[in-house]
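Shared between the two complexes below is chain A, which pairs with chain B and chain C, respectively.
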Partner chain A sequence: MRRAVFYVVLGLAAVAFLYPFLWMAATTFKSPAEVGGLSLIPDQPTLENYRLMWARAPFGRALINSLFVATTITVSVLVFGSAAAYALARLRFPGRGILNTVTVAVLLVPAQLTLIPTYTLIVELGWIDSYAALIAPYVFNAMAILILRQFFLQVPRSLMDSARLDGMGELRILFTVFWPLAKAPLATVGILTFMGAWNEVLWPLLVVRDEQLMTLPQLLTVFSLGGGAGPRQLAPKLAAAMVLVVPVVAAYTFLQRYFIESMASTGIKG
Partner chain B sequence: MANVAFKRVRKDFGTTTVVQDFDLHVADGELVVLVGGSGCGKSTILRMLAGLESVTSGTVHIGEREVTHLPPRERDVAMVFQDYALYPHFTARENISLGLRLRKVPKAEIDRRVRWAAEILELEPFLDRKPKQMSGGQRQRIAMGRAMVREPAVFLFDEPLSNLDAALRGQMRHEIARMQRRIGTTTLYVTHDQMEAMTLGDRLVVLDGGRILQVGRPIDVYRAPANRFVAGFIGTPPMNFLDGRLERDLDGLVFVSDALQIPLAAKRSLDTAVESREAVTLGVRPENLALADASGPVTLRGQLVLAEVLGATTHLHVDVGGRPLIAAVPSGPAPAPGAAVALSVDPRWLHVFAADGSSLLPDSRDP
Partner chain C sequence: MRAESRSGLLLSAPYTAFLLLFALFPIGFSVVLVLLKWDLVTPPSFAGLDNLQHLVADARFWQAIVNTFVFLAIHLPLQVIVALALAWSLNRPLLLRSFWRAAFFLPVVISGAAVTILWSALYATDVGLINGVLARLDLGPVPWLTDPAIAMPAIAVMATWKNVGFYVVIYLAGLQNVPQSCHEAIELEGATGWQSFRHVTLPLLKPQTLLVVTLSTINGFQLFIEPYVLTGGGPLRRTLSVVLYMYRNAFSYQKMGYAATLGLALALVIAVVLVLQRRVIGSAEES
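Right, the complex of A and B next:
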């Protein structure tokens, strides 16, 4: 009986979260007459909204831009972040303590505060309207370093010693011994970074004006604001939003095992 | 194969000195056991030889080479760790062969050596398992296999059996000794375990506070400990100590502690202590105390506190005038706790230590 109540409550919660998403998904397949209704099943399913959306703005290009930018950022955050975390956790060198403190301090600086200096810097470098402008500010991430460092501290010292005796250099130890052990925190950092980069709107709006370089959320924003209001426009916008959401959902589904494992073990919230 | 030498090696961590004046020469093929309590510097010495820890001053040599400042991979040493240190995501075979693969040893040669090590260590059935699927003893054998296939100049063992249960520890101790004899590689073995220290090594190095207290064959260290620390550290149950003075009597010398008197043979090395009437400590191993007939030449009378029957031997905890002594005697009809007991002392095996702890009978132990 208690179990039944439990499942009913869980079911209701799931509906509350899922319904808006499913409604959005359904709406993108509806004909203009149907848009705005609460039904989840279109009477006459159509791909017209996707065609319209695709035709009106370079969403295909934006999808590629977004994938490229978010992937590059994620890979570099993982590679550089884990290298920094390894050094801060496991190598002895002068100034290590200070670097650790500085890494934590960086977290305390709100992004809004660095927005204008970073923008000025990008302008000075002449990187406006380039991939570099979209990627460079994000290749290092203090949170990633901290999460990975915390994990690396738990790897037994003897494992490193034994790798050194086996003849490995530091980079090889990092990538062949520590990485396989750190799948869960790497997945967490990877997903968080990818989602952050994927959803970023403000920064691309500032540094990219060329439509061909726009990322998906940026183009979607521009498309929504410039495309005029009204229910007739709603479905193509939502179709664009679906293109934005689906890759993240897919990635999460693929990695959720590690993600949950890591959340449980590190206690870090997304 | 190579000999190993430490020359005046010192190690500081910040302001703390953990090893000092460390001089040791290990012959080619020899198995030397470093033994001592926690924090005596034994593991640090091993790690300095492996190159995992820097040397503050002094030099380390392997064979003809000075290796003091070489990185671990250039030293040609292999190490077995207390927690095995296996790569959890590799199979046993991959763990064993990794060092060879990194050194670009030809595949056929790797296979040959892995088979050789697996045969000696009886590992064949486990080669394709991952460490998680193996028992502690199997994991430690994999770790040994990994060290063996490298065919290094020196093996280092850092308390390799401490994580195993008692039965397995005995078996693995035997296997390590057998393996080392069979392949004859120079070996340094760190332990805090008595049994390993006594049974494994060609020579024993007893350490305390980062210094060598005594080096010698295990049996020599046992019979003639150089000082009170070694005497108390080597041997289970530990040696009994009595504080008192030496005096001359008609037949020779007598050790006097309050009302207690124990005769012992006169030796020149004891003369100073006798003349100066300085405080000395008498040491007697539990197995050199025996239950005595009340009518015989009894030296110690006391009260039995506890009798621990271990099987073949029984440990008698006896209170002798307020001093707790332990006697290890053959099991048999033992007196009940609280009963009066008489103990005789074997005078041939007495140890006398000066106030500074050094032995005053350093070389009188030829059986």
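Right, the complex of A and C next:
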């Protein structure tokens, strides 16, 4: 009996987290007369809301922009970031100590402090309304470098020595010896970086004004601020939000264990 | 050895350049900007301490700080209590254990922009889901986002819903480190389940609680997209956040010097609040 009550309470809690998403999905298929109803099944399903939002703002283009920006940043953080992490972990060179210290120190600086100076830098570089503005400030990530460096420090010395005896260069050692061993930290860094870039909204709002260059969260924000809040506007806005939510939910459904573990292990949210 | 030095420098050079351009330069330049008046169109001019004087006297800035504390006063306790309760419920043999955890975690992975749009629909006065449920119970529509006294608490509830799954996972990891023998020992002494939770589990979870409070506080000071989309900082500026005000100074009013001053002030406020919290939570153990 106590056990049954426990499951009912837990079920209600889960409903509080899942029902809003289901209701949102259902609402996007409802006609204006039905919007606001609690039902999850539209009486007269319609695609009108999707047609409206697709016609009013370039969401297809925004989807491509977001994919391009998030993928470029993730690849860069993984490839160039692990090269830097490898050097910091396994190679002796002048300045390594300082670089390690600065990497840790940078993590302690709140993002709000550097936001405006970085913005003025982007303006002075003439990068407003460009992919460079969206990508360049994120091509490295101090947290990612620390995670990878920590892992690379644990790779046995003997593996490196024998690879060197075989005449391998440092880059080949990194990508053919270290990478296969580092799948778990690479996946963690990859997921966190992609999620962070995919969800970012304040930075694009500052540096991009051209609708054709906007990322999904940004275009969604701009789109939802236009127009009123009545039932006629609500459903197209939710339909626009679906474009942002559905790919993430799909990835999350298959990879949820990795999502949860990578975020929890590092103490960062996307 | 020379080859190793050379490859080390080569492999780390892009990162070094990045740090100089996008970390060290902005940090240094933030202090310079405080002394400037600059609209990004005409050349910057030296403004002395004008920005700092303006900050001290700026009612909007102080309102934004007060708003953030209102937010935190609701958000922090709610976050800790809900996260603890959910984690405690999940920390046992359960049917569908990973399903429950994944359900609570789902809003964490969704973009804040999408969650905010979703909640603008949940909170809508006439067609919103929450008022729809209330109407079924014969309760009147609540103007969630247009009543000055309710808007910020409503945003705090939304932020808790968005983030709590993350903290559930943190507490779960902590709970799994609490040895069962501790509970058995105190229950042999005749302690109730609640006493065992209060005097054994809770003190052992202090590192997790400190992490939850610290991260939630930093999040609270970063509040931006929620007021930007839901309320525009209103009603009566009661949901204006520091980052939203900073964004407007930079983007709408073209006041780079003042926007940077707000950023610097915010960083200092965050540092002070975090240190104080650490003190308070640290001393709670001794008592």
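Here, the second predicted complex is superposed on the first by the 236 of 270 C-alpha atoms of A that agree within 3 Å, B and C clash if a C-alpha of one lies under 4 Å from a C-alpha of the other, contacts with A are read in each partner's own complex, and residues count from 1 in each chain.
The criterion applied here is as follows: a residue touches a chain if its C-beta (ideal position, glycine included) is under 8 Å from a C-beta of that chain, and two chains touch if they have at least 3 such contacts.
In this text, all values refer to a predicted model and were calculated from it rather than measured experimentally.
Look at chain A after the overlay: chain B and chain C fit there side by side. Comparing chain B with chain C, more residues of chain A are touched by C.
For the three-chain arrangement built by superposition, the Cα-centre angle with chain A at its corner and chain B and chain C at its ends equals 100°, in steps of 10. After overlaying the two complexes on the shared chain, residue contacts for A:Arg2 are found with neither chain B nor chain C.
Of the two partner chains placed by the overlay, only chain B lies in contact with A:Pro180; chain C stays clear of it. Shared-chain residue A:Leu159: touches chain B; no touch with chain C. By the touch criterion defined above, A:Met168 reaches chain B but does not reach chain C.
Minimum Cα separation between chain B and chain C in the superposed model: 6 Å. No residue of chain A lies in contact with both chain B in one complex and chain C in the other. Residues of chain A touching chain B in their complex: 156, 158-159, 161-168, 172, 177, 180-181. Residues 47, 50-52, 71-73, 77-79, 81-85, 87-89, 98-99, 102-103, 146 of chain B are the ones touching chain A in the complex. Considering their complex, residues 6-7, 9-10, 13-14, 16-18, 20-21, 23-24, 27, 35-38, 80-81, 83-84, 86-88, 91-96, 99, 102-103, 106, 109-121, 123, 136-137, 139-140, 142, 145, 169-171, 195, 198-199, 201-202, 205-206, 216-218, 220-221, 224-225, 229-231, 234, 237-238, 240-241, 244-245, 248-249, 252, 256-257, 259-260, 263-264, 267, 269-270 of chain A touch chain C. Interface residues of chain C, counted against chain A in their complex, comprise 1, 4-9, 11-12, 14-16, 18-19, 21-27, 29-30, 33, 38, 40, 86, 89, 94-95, 98-114, 117-122, 124, 126-129, 132-133, 136, 161, 163, 165-166, 169-170, 173, 211, 215, 218-219, 221-222, 224-225, 228-229, 242-243, 246-247, 250-251, 256, 259-260, 263-264, 266-267, 270.
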